[in-house]
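I have a structure here, written as structure tokens, and I will follow up with some questions on it.
When the chains are written out, they are named A, B, C and D in that same order, and each has its own residue count from 1.
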């Protein structure tokens, strides 16, 4: 059986396991106050080009999003997001449970356009009843998006510009950031992100880490963030378990290398699918491939491969998703292509 | 200066003021535990044909919606509403502040269609990831809608049917209910509402009361609702002040009479506008009239009449709203028509 | 039957009813944006000696407390209060529903001592784990307290001093403020309160108003308070109904006069009780009298008088509360004393 | 340098690391839907004697408590806890952030007495104003308590009895449960806990796991708990990482063995301290030792040993805490005793 359901099906990069074993009986203070976390933070700050930045480690993505959003918004504020955004659809209302509205804007290939954000803000402040409405207090984007698509540097700069004009933070969810950074032709790197976003997270769970996401504030934004994290149930007692993983991932560009493996194997698969005449639901340059399958073909395939159902396209076709990862072997792609 | 901004610009029906004066020094127990509230409840139960119903009095609409919704939903549930719904747009995030998502569905002339609700629910339960999503736990409609439109009896029955199938309550916001009940040609009366909705409110603020909304549960639904009201800051110490208003409004059908005045004056205005060649943004049979004005005309009018800006239609036209009420005089309509 | 249950058993001062009738058909804009509210605000600012102050009108006390507290605190902050405080015990968890802890400190005759507050804050910041704890972000007091006792000017100044040192606002709940201002021997007036508190409310519901509380920020503190009020379901559509009541109450010192009637009748009752040999649970100089009754006496009394159960003192005695108000007649006190 | 600050200073039991390595590249479905989690659940159900029980894996304690509490309570309910409870003091208001009050009762050596709980409930329901108060909807205890003390079987049964009478769940926080189970003379084992509690968690973080807590519902209680976990940001993508740890810990009683090591080393230390004449702040039979140190001695010790400050006892003495763990070596105890 082959598995292409998602990019979080394996454990951790062997280097991480090795390091975890090495330091297993070294005693560390709790809550991320240890030297390993500090080392990881320093490497991340360097990689992002923000020497005075602040870095916090989280366990998972929904937790990270919910905490950052409730930590930065005032009670009467909401967060602007694409209607296809993870916080809009697949976090079971975690943002609302924190008291805040997710204000959705129609996505364009999974992305939020600066132009639409500006229109929304103009219309909002132009509405004489806006004091009776939820004030947009943050912009949320994901990179890659939920459709695997990418922002260009220019698009990020435009979003950043409108956010600066309205003095609201721009927050980037980088659950699959490694695959964005490693994508062919992208002009967005960590430094570009740090220059344009007020807060973002570097996803580890889907890229080589056993678990973990690193939230980066390129410039300090909220001095009480530690307590907010604790209150949100998101403060790991053994913080260094997260720190060590990012310390390894940010040594000799392992994080980027992991991303490259996902991209390389996805490209192989994409090429193979094209050659076999499959059509794509959306053109995405990262590690998620959305393919249209005939339903009978899909049923046949299920016996040999696990993958994600995306949506029914019409009565006889379905969109499915194949995801590669930092751990996918070229051999697996070949086997998958043989089944298709 | 003429005023057609809204239907809550005057105080209370003189009968209410009279009754408030009469009982002013009669001592009443607090929190709605008094005989006047009980009398009002009994009249409402009779009017709605639900002898075992429960009735609670609130001060205002946002408060009512927020309390009913947070009181009935489980933490992981959200409320389905039209995207034009009051809770979706104009309550400053009160529902989200209570921890719940407003799940919006595109409106059809301000209304939520049973068909769309069913589609949403089918898609939701058909999505294999639905345990990661906000579960629809209630359906919210307003009657009249925010566009002044009305549900038919059949539409209510269809909504009720889908709600019963999915075992979720149907909640009707009747902020302007009197104008719905008094509209020409409607087949929806209080009994129809009580038969089809699990909870609804009869709006007093916009119809003859100084303030007040009466929440009706045709069948008891939540035995701790009193404490939920208190916790929501919505329990009025002098509950009888609300009770007496509904007691008067539900004596000799005064509530309906108030609605009829709003309808009669709105009809006069609608007729006059048509004769003068104005076009309407939407055909609404109740007390809100949405007219398209040329911008120069609109500016000119502003010197003599106050009304509500609704939205810019194009560069030279604007949609404005004129609202009549229980207190509007025919003379005022004539004066307004003279200005147009 | 005599009624001494509480101070919110009657409607409104006749001057208020008269004014409500006079302006009943005058059309006003909504949400407190009208001239009557502005007039009331101006009178309150003058009475409090804070010309640049901001004033907001609310309908009831729990609503006011919940809104002020959630509006001013950050998510990780709590509010310090006496364990006997209204927010600690009798608001059904409204503060917690807004996400905040009520941190209780043992009361001294219903009051919160500056010394205890300072000790708490010193201990909190001295605790090396305080980043894992709820940060005290506000101090809440009530004046009169729930036991009818009063702060002295010096006590308020001391509380104000510790709050300023720790940069946290001092909030005074004045649900029964008129009875504090009118008490014999008090050196606390509205100006003293405005000088020492960052926010407070002047209670109308228990003093001559049909309903209403006026929140005063002597210096602007939160520019988005209007939206916070709306989101909290606390924004009255017909705001002027509240405005007009405070406009009347703050004309020719009617508010103070109302307070004086409560104090005068309470003093008569207190004197009569003393003469009859009754003992008091607590010495309170305002309009609430806490008396110890023998249980048989209490049962006997119940046939003729309604009053509040406070607590069982021992097996044969009970503490009960008699409350006078702005509307209590001397005749009623005489009748009550005859029953005792 | 010696470290006795806490019991979460080391990584994981080597058996766990070994297993994590072995299965590292085995592909697993996410969110705890895998065979390893199922195996761990089965072993836990067997150990607890509740074949139809439900088991959920969490990452940390505050997260677990906040999720269980908000998942089981209605909006108007609070949780009863000892004033020394973890949720009362050291979770930064996580329970209140979920909208619920922690109702505190004075602890007796860190414990909550059934008698006090019953008194509270009797007083609550006897108070005629209880509908205006937060309803106690759950009882929270920790075993061992924050002072390292233990409930007896009889005490648990009494708590269970009062909870059953009032139909509220009894929840046991077992962050350090292994040390309770392994303590000398205890008559409380997992089966006793499962018989008496409606929900409890078995702490892994402080006992051999890298991280993880296993929530057990001996009988199913909340069918939507999965979504509540997701919404709370507490659902780990790679759920099997937690599952595998509990699978190892519940193989051949490793969990209990880990606990025994903590107890054995704590006993050695306790005995050594007694012999040296130190006095204890509280007699606790588990892995936390609260000793009174002279301040000069404490300062001296700090150069060689890290430990936790607990509280200042008087001007010249301080209470400090030494914690042993599953990983403490006897050699370390000897070295520590040499320093004392």
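The criterion applied here is as follows: a residue touches a chain if its C-beta (ideal position, glycine included) is under 8 Å from a C-beta of that chain, and two chains touch if they have at least 3 such contacts.
Please read all numbers here as calculations on a predicted model, not as lab measurements.
Farthest from chain A, judged by the mean position of CA atoms in each chain, is C.
The pair with more inter-chain C-beta contacts, choosing from A-B and A-D, is A-D. With each centre defined as the average position of its C-alpha atoms, the distance from chain A to chain B rounds to 42 Å. If you average the Cα atoms of chain A and of chain C, the two centres end up 50 Å apart. If you average the Cα atoms of chain A and of chain D, the two centres end up 33 Å apart. Of all residues in chain B, those that touch two or more other chains are 75-76, 91-93, 97, 99, 131-132, 134, 227, 230-231, 235. Listing the residues of chain B that touch chain D in their complex gives 70-71, 74-76, 99, 131-132, 134-135, 224, 226-228, 230-231, 235.
By the touch criterion given at the top, residues 75-76, 78, 89-93, 96-102, 128-129, 131-134, 309 of chain C touch chain D in their complex.
If you check the complex, the residues on chain C that touch chain B are 3, 5-6, 8-12, 14, 17, 20-21, 23-30, 59-67, 91-94, 97-98, 205-206, 210-211, 227, 230-238, 241, 306, 327.
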